[in-house]
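Below are structures written as structure tokens.
Across the two complexes that follow, subunit A remains constant while its partner is subunit B and subsequently subunit C.
Let's look at the complex of A and B:
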């Protein structure tokens, strides 16, 4: 086709079109990575930024032998896995149970989506108020109903408090996506299945859930990635916590950089994190391909 | 039986809305309590509702200038969203129609979403320091543009894919250049997507915290970081009523967008998540 050939001839135009975004990414993505790689093998502090001194792989050794690094890694992994599992389950139950209501009155989805509109950093601050032992309504009602209130931010409970907070904020995301997937199961599929007279449960187990499976995996994937790199709400609510017990991997790097002024180590930790993220990403993608 | 289930559905829905929105509801209610009442009454029933906390915020603008922070957020989020759209629309056209970058640029941008952004924070801090972008609105706009690129590009690529190729072939036969086609043919046809993408990108930009915390100190501080300043500055004796009012004002714009543009946001989130 002449037109198609003409559009092939103007492939040059294509390069022209993608060049601004490419240039932008080189500046904000590629250059920082190169800087990361240089500083990772150097001894460098704020005072010696221009003159990094090459020291080989010492920074990496420091990171790998730092028990705080491994503690933070473990925190993020546990946090990510628990939050993802809780969100997907809760959202699935809500999406399917509430579907008849939401289908008739679609505006009801708005108040359900609202938690996602609030900055996670502000949510962390809001819970400082909500969970405050004297002025917070949540402990107040715990005392009223049970006679006692757990110390939500105390060392025994703080991890679960953070998991709950993150889950409550982002279950709406999973809910929205899963509800959309549930609604888009074609009516003729449902009608065909109904000819065999299945129970609601059988319908769910053998028709609807298998059809939603790719979406469930995609949602779980996105939510795991986001909760693994958690920073904002944890940082504003508890910081790195007492003895670093709420230090996520993102908070760890932030602290090493700003508090310890150990740029080489912070950057080496970034690179290890990048490698781990890529490893996790590849594993998850492979696994989900095999599932699909 | 059927009516019992319907009633149960409504109950579950209402409980879900209350629990999921608990932090906002609690903060909103507390913001209407006087200092005296906050200490004496931690329940969710306000005995003597007052607006005094909101008045106080503006009376303390010499120490804590909320309008300044809000203005910074407005400028940074709008500029950042506009940049992301301006970079992504031509790129989406190039990727879809000429398949340039389909296998390197597109996956690269999409994968960016999976990388913990803290990795880039340190070198960006150093680069910003060297170029004078530290603590500037432009600097933050660049960052929120970058943070939003995966979302915006995925949405626009999907939208351009849905434009029938006959549309641009017709224009090309009339002698239009690729740039003209993007501007006069594609842009009007993907308006809807641009609006949806812009709303969600604006919300994400408004809510950005990590880079704002690292890259701003005074002049360009957005409201997310400003609100946390308010807490740390007051040390142990946080004025909870004023703090609650500060948090409500800080979150009002995205909340209103969420209430009134939820269709746009829902559309962007669903198609960004599933195809991205």
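Let's look at the complex of A and C:
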């Protein structure tokens, strides 16, 4: 009897403890998700936000047959993969080469982290100024040294300019995590390996990198999610670009929602994105678990 | 315990009182930055000197970026954070469901002509008091054009370039006599990559970013070639010779290098920076840019060396896009009476003269313009240009105006960037507009 009462009390305490976070999640996630599901199957505009008209799955069909949606998905996928690869590689090289210096002068980590402390929207605005041919310092030095300046935001270069900007801003994040992982490799492991007299490359290839692999995968995973859903810096720098050539999936949803006032379609697109992301992330997680 | 309860009650009472005090103000959401904000601030200050305590006006401003998206969201959410808000000719239909129509005071007709008042109307109802009129000027470097008109060597080179690049026999003309060929030839002449003796790097600066406001600038070109959104029956006619010629002109100028290479990411600010650097000889730009560009403190490289005329002529004549900015009543406001008092005061001749003296650009009746012509000669020009060359595309005050501008911006910038053909861009716009206008 006493054991049953204790169990009941314990269960009640458990419910009591998780109730705040449950309530929070219901308010910030579940209710908006329910509203989203209603809007996704409705004809709804700003004028009819409180009176959506049920139309079935027409909004999903519109999204799936919209070539702009797939163009935006392709942009985000390409952008996300390239940026992730660049950031992880660059951060890995920096983490390994700067490790001795950072071990001695750890304060250097602070200035290295500065780029990621700037809000992405401000980074976009900053480069809008920095790359302007007549007021920006970068074109100024190009003109000074070569007599001409490349078209950083022209149709041929704009994608690579955006990739570079994103990489420069977020490589410090990857660097911080990878440097920590590199430093946390136990000294005795390295000492044991050195008994076999490996070269620096062999030490890196067969000892250090395998030990860092779970962290590398986790960093790549986080950075891919972040860069796939890129919005702020691209939006403030180029918008959706000439003919939509810099339209990420987040910008696509924003434009359909606000500019076209087609809220049902925008919400349907976001649900499709959620489903695709969920599937993709599940696959990636399983793969990374196997790799780890 | 009792004292804690008393303290809490007192605090609640104080909060309620301060809330009531805050609610007593009339909050007005204005257009941020630039002369419009400066003038509105000055007008509110004047108004507040004589207004009752309950009618004091407080101004708020969003950031200019995506201003209209934020405004739409707030209005649709039924915000009571502002009582009067900005509206514009091209957005009046979009915001009409969330705003209250106005009964104009008699004084408004002394201040504004019927044509100007119409810029704030939707389906026959008045939704705003017009505060500023926007249009386009062709800006040019008066010092360089003066030399072009007087130097035989430059004139010979100009004719040679016009023949080689445009296939036409042209001679330099006064900018007020320009057609689009004359402007194109001038832009080519003042481009370093075309004419190595050019004193400027570029002959012009085009605003070609995928942005609705850039479409408005370009429309002055399209309209003069005979382009319009719809014909009298409401049929979409953008896929016609007028739009085609206007689009091809910009493409030719961009491809020929007369405008900076990054022009496809340029809008108002970038274009002003290029012209203000002294490295662009001409620019089709909003009238609001003149104050800053002609200021010795802000842009010393070109201040005092700027001429402005109406945009060049095309086969159908000379045109400038016009639209009005104004202030109307938020339908969800809790202080409509106070907001209306302020707007009615703002519509009086004296208030608008004060607004103009503070830097705003209202389109006033000619009798009022005469009173401030010495202080604001540009207002005379604005009034003249609006009367002689001002146009609004057919259907450009509908509820779908902004999505149409967005559609055109996206497709046409794609053509200018070379990512799609002119035919495809025009077909996509034509189909999209037909769809939008029938909904």
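The working rule: the second predicted complex is superposed on the first by the 282 of 292 C-alpha atoms of A that agree within 3 Å, B and C clash if a C-alpha of one lies under 4 Å from a C-alpha of the other, contacts with A are read in each partner's own complex, and residues count from 1 in each chain.
FYI, a residue touches a chain if its C-beta (ideal position, glycine included) is under 8 Å from a C-beta of that chain, and two chains touch if they have at least 3 such contacts.
Because the structure is a prediction, the values reported are computed rather than measured.
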Practice prompt. Using the touch definition from the top, say if A:241 reaches subunit B (first), subunit C (second), both or neither.
Written response: second
Worksheet item: Between subunit B and subunit C, which makes contact with more of the residues in subunit A?
Response: B
Discussion item. Between subunit B and subunit C, whom does A:134 touch in the aligned arrangement: first, second, both, or neither?
Written reply: both
Discussion item. Between subunit B and subunit C, whom does A:151 touch in the aligned arrangement: first, second, both, or neither?
Written reply: second
Item to complete: Would you check which partner chain A:279 touches, where first means subunit B only, second means subunit C only, and both and neither mean what they say?
Response: neither
Discussion item. Is A:210 touching anything from subunit B or subunit C once the two structures are fitted on A? First, second, both or neither.
Written reply: neither
Worksheet item: Regarding the shared-chain residue A:14, is it in contact with subunit B (first), subunit C (second), both, or neither?
Response: first
Worksheet item: In the superposed arrangement, does A:171 touch subunit B (first), subunit C (second), both or neither?
Response: first
Practice prompt. Classify the contacts of A:49 with the two partner chains as first (subunit B alone), second (subunit C alone), both, or neither.
Written response: both
Worksheet item: Does subunit B (first) or subunit C (second) touch A:255, or do both, or does neither?
Response: second
Worksheet entry | Shared subunit A surface residues [contacts with subunit B and with subunit C] | 49, 128, 132, 134-135, 236, 258
Response to the item:
In their shared complex, subunit A is touched by residues of subunit C numbered 65-66, 69, 72-73, 75-77, 94, 97-98, 208-211, 260-262, 264-265, 270, 273-274, 276-277, 279, 402-403, 406, 410-411, 413-420
Discussion item. If we count contacts the way the header does, which residues on subunit A are in touch with subunit B in the complex?
Written reply: 3, 6-7, 10-11, 13-18, 20-22, 24-25, 28-29, 31-33, 35-36, 39, 49, 94, 97-98, 100-101, 107-123, 125-130, 132, 134-141, 165, 168-169, 171-173, 176-177, 180-181, 215, 218-219, 222, 225, 228-229, 231-232, 235-236, 249-250, 253-254, 257-258, 263, 266-267, 270-271, 273-274, 277, 281
Worksheet item: For the complex, which residues does subunit A have touching subunit C?
Response: 46-47, 49, 128, 131-135, 149-155, 158, 236-245, 255, 258-261
Worksheet, complete the sentence: In the complex, the residues of subunit B that touch subunit A are 6, 9-10, 12-13, 16-17, 19-24, 26-27, 29-30, 38-39, 42-44, 86-88, 90-91, 93-95, 97-101, 105, 108-109, 111-124, 126-127, 129, 142-143, 145-146, 149, 153, 168-169, 172-173, 177-179, 182, 203, 206-210, 213-214, 224-225, 227-228, 231, 238, 240, 243-244, 247, 250-251, 254-255, 257-259, 262, 265-266, 269-270, 273-274
